[in-house]
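Structure first, commentary second.
Labels A, B and C are assigned to the chains in the order they are written; within every chain, residues are numbered from 1.
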Amino acid sequence: MSLLKTGKLGYVLLAVWLLLLAAAPLLGDNYTVRIAITIAMFTAMALSWNFIGGFTGYPSFSTAAFFGIGCYVGAIAQRNGVPLVLAWVLATVAVSVFAAALGCIILRLKGHYFAIGSIAIVELTRLIVSSWGSVTGGGDGLNVPLLRGTPGEVAGMVLYVMLAILLLAFLATILVERGRLGFGLRCIHQNEEAADMVGVDTTRYKIAAYTLSALFCGSVGAVYASWVGYIDPTDSFSILLTIKVPVMVLLGGPGTLLGPILGAGAFVMLEEFFWANFLQWNRAILGGIIVFLIFFLPGGLLKIDYRRFLRRRAAAREEGKAPA
Amino acid sequence: MSEILRLEKVSKSFGGIHAVSDVSFSLQEGQIVALIGPNGAGKTTLVNLITGVHALTAGKVVFAGQDVTRQKAFQAARRGLARTFQIVQPFPEMSVVENVAAGALFGGGLGSRQEAEAEARRELAFVGLDRFADSPASSLTLPNRKRLELAKSLAMQPKVLLLDEVNAGLNTAEIDGALTLIRKIAERGITILIIEHLMKVVLSISERILVLHHGELIAEGEPRAVLDDERVVEAYLGAKFAARIKKEGLHA
Amino acid sequence: MDISQILANGIVLGALYACIAVGFSLVWGVLNVINMLHGSFIILGGYLTYFAWFYLGLHPILVLPAVALVLYVLGYLVQYAFINKVVAAPVLTTLTLTFGLDMILYNLMTVYFTATPRRVTLDMGSLDIAGVVMPGDRLIGMGLALLLTALLYLVMRGSSIGRAIVAVRMDRQAAALMGIRVNKIYAITFGIGALMAGAAGAVFAMVFPVTTNLTGSFLGKAFVICVIGGLGSVPGALVGGIALGVIESFAGYLLGPQHAITVGFLLMLILLVVRPTGLVGVKGYE
């Protein structure tokens, strides 16, 4: 029995984990809270990616485009006097519309072509934002009106907002997984042609999945922009981010409910550890983790049969004790 | 008996190749009709045209009184035009019952997954696969995979079922089993169009035969009459043979 | 600037681009693997060339074959040890794997070579034909790039290895049935891809400064060229490369240099949707 079947244990652990994150402002210092926020952010984005990459099996690398647009729409709205939360909602809506429109075009592609198309979107949006200086500040970046309160208060608020987004994404995941959409997406993943023949409206379902994969990233982006107070094209549309998110889901277990949460948490903490201790080599180490992941954890952490592994260890120990 | 499916001058060209030319026929509700013809005659293409997999180059398809010429594949499924594949196309990592439930939920238009699963189990019992309901689809043997295809199609509540060489790869006993099943399906009131190579199958269950050759409908009618038709023999065996058989008779 | 100058600039640049992309196109077309290491291979070739010039005083043209060979061996080993295991895996896996490997190579280069731009300075004068001015090093660079591309073309057409590679690209299983050791062909093809990248890097080093910051943009250009020209074919890479060079040249002149790249990407996206097989080539596996 693997942890794949999300039983009671899984949900209990999830609740504990979320409470831990939520308690960061009380238990830790500013640094800890920052990490908690980062974990919450990436978890929300990983859960999002899971819709198109995990359930539907389309290798999307567009996450950074959605995040970046969310950052900029949120920032620009705020600079123009739109109240905070409304700006965030606006960003979410903008990203959803963008994703739906883009999806109509790009979801016709499959496999490699889809992957490249999705990366190209990131580059293209970055270049456009960079050049549209009058609106976006171009390469110089954009200042966002600062949030009121002490850094500690602000961080705490941001953390709770990010956790809220995470919960919404998780809820969406559960609803999709249990409903028609999830079933249809799985059919598309396993045999798109057969799904078509069985009566699944593949175009509509794929666009739905793609839009779901985008909207929470937009929210996260907008909140992030408000938090850091300054954004620029290179950091908002980062290729590294767009690759890290799928890797996190791969790490945890694509197509599962808890996989993205596990993967994002594990990855962010590993990354922080290596950044802090091996600054110069942290990229190589991350690369090494990715390579290791591909070779030794093809299904992600959740697909390892822990109980069987422990049983085998116990059996081996018994054998060791028995007289030769 | 009313007309359930009608094709009017249906044609399909791929570039310069005329896969289907000017085909017209109609199916009456409840009939079992066989579609035969040499390899490459365009039989599967015709099925693809009827079910919206390919767009027609010319002509019209009318299903239950509706013009469905421009439909997409998933719409055909939802309307009640189901088909099986020559090379079976399951959802490999799902269980057998989930495979069939997909048909019930999407094609059959059932409201919830529970209803779909209940319907799936009924169809699995009908085709005789209920033992394997919870096994992964990829673990089935070939004859059972064919049954799975059938169950999946039946779960879509079809009015017309297009069977594309269901008997390919089956041995004699398995074929007899398949024939019994097909008859049971017809008893449910479903119109069947069966693409077949095996004359034994064609003769034993079909009321009418359509013959396709180089994309054209060259003969149609009662089984015996069609098979004696000179043009049909020529299409399968060539002109020389046809002449010889005509001279010497079929059992010379 | 008049049109012939812009065009000439574009063609010269395009020849270089073709050389940069041809190895990438080959690997993608034959192995069905998107090699994210490609940009880093190019830069590595550039660095090796620079260091040979700087510390040993060797002219890049002389060093080129050696650099190409080193990269070939590196490519072969990478394929053998890593890529081979995942050739049949889905896109996400192979792309992420090569990305991970690239992160390692990139880090090694930034640590040991540092990102400061290194420039091989050669004074080769310039040529002036009918008002079109072209610096000597660029002309030689273009010449070399075309020569290498032509050599590769001849090898693919003429040698038995080349034919085997084409056979594998057309039909993996049929090739195996014909007695071709597909895994070995994969390794050789990847090696050739790396070789061409290294050679392209050497050529590039003669003309432009080399820095690790460029790995991403080389990769991006390789993508665009593959989509424009088609996968797995040398003529395709040539057409794609020159097309991109010319387009960037004109776009840069008309819209400003920062938009030159944007136009390339936009074109690629449009082509992906409209005609993914490219202008010349064969559609790759999906």
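Note that in this section a contact is a pair of C-beta atoms (placed from the backbone, for glycine too) under 8 Å apart; a residue touches a chain by one contact, two chains touch by 3 or more.
Here the structure is a predicted model, which means the values were calculated and not measured.
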What is the shape of the graph in which nodes denote protein chains and edges denote touching chain pairs (line, ring, star, complete, other)?
-> line
Would you kindly say which chain has the C-alpha centre located farthest from the C-alpha centre of chain C?
-> B
Chain whose averaged C-alpha position falls nearest the assembly-wide average | A
Cα centroid separation, chain A vs chain C, in Å, comes to 32
Centre distance in Å when chain B and chain C are each reduced to the mean of their C-alpha atoms = 50
Separation of the C-alpha centres, chain A versus chain B, in whole Å, is 45
Residue ranges of chain B touching at least 2 other chains are none
Footprint of chain C on chain A - complex, ascending = 53, 57, 59, 105-106, 108-117, 119-121, 123-124, 127-128, 130-131, 239, 243, 246-247, 250, 280-284, 286-291, 293-295, 298
Chain A to chain B touching residues, read off their complex | 178-180, 183-184, 186-187, 190-191, 193-202
Quick one: in the complex, what on chain C touches chain A?
-> 28, 32, 34, 82, 85-86, 90-93, 95-97, 99-104, 106-108, 110-111, 216, 220, 223, 227, 258-259, 261-262, 265-266, 268-269, 272-273, 276, 284-286
Given the complex with chain A, which residues does chain B contribute to the contact?
-> 51, 53, 72-74, 77-78, 83, 85, 89-94, 101-103, 105-109, 113, 152, 156
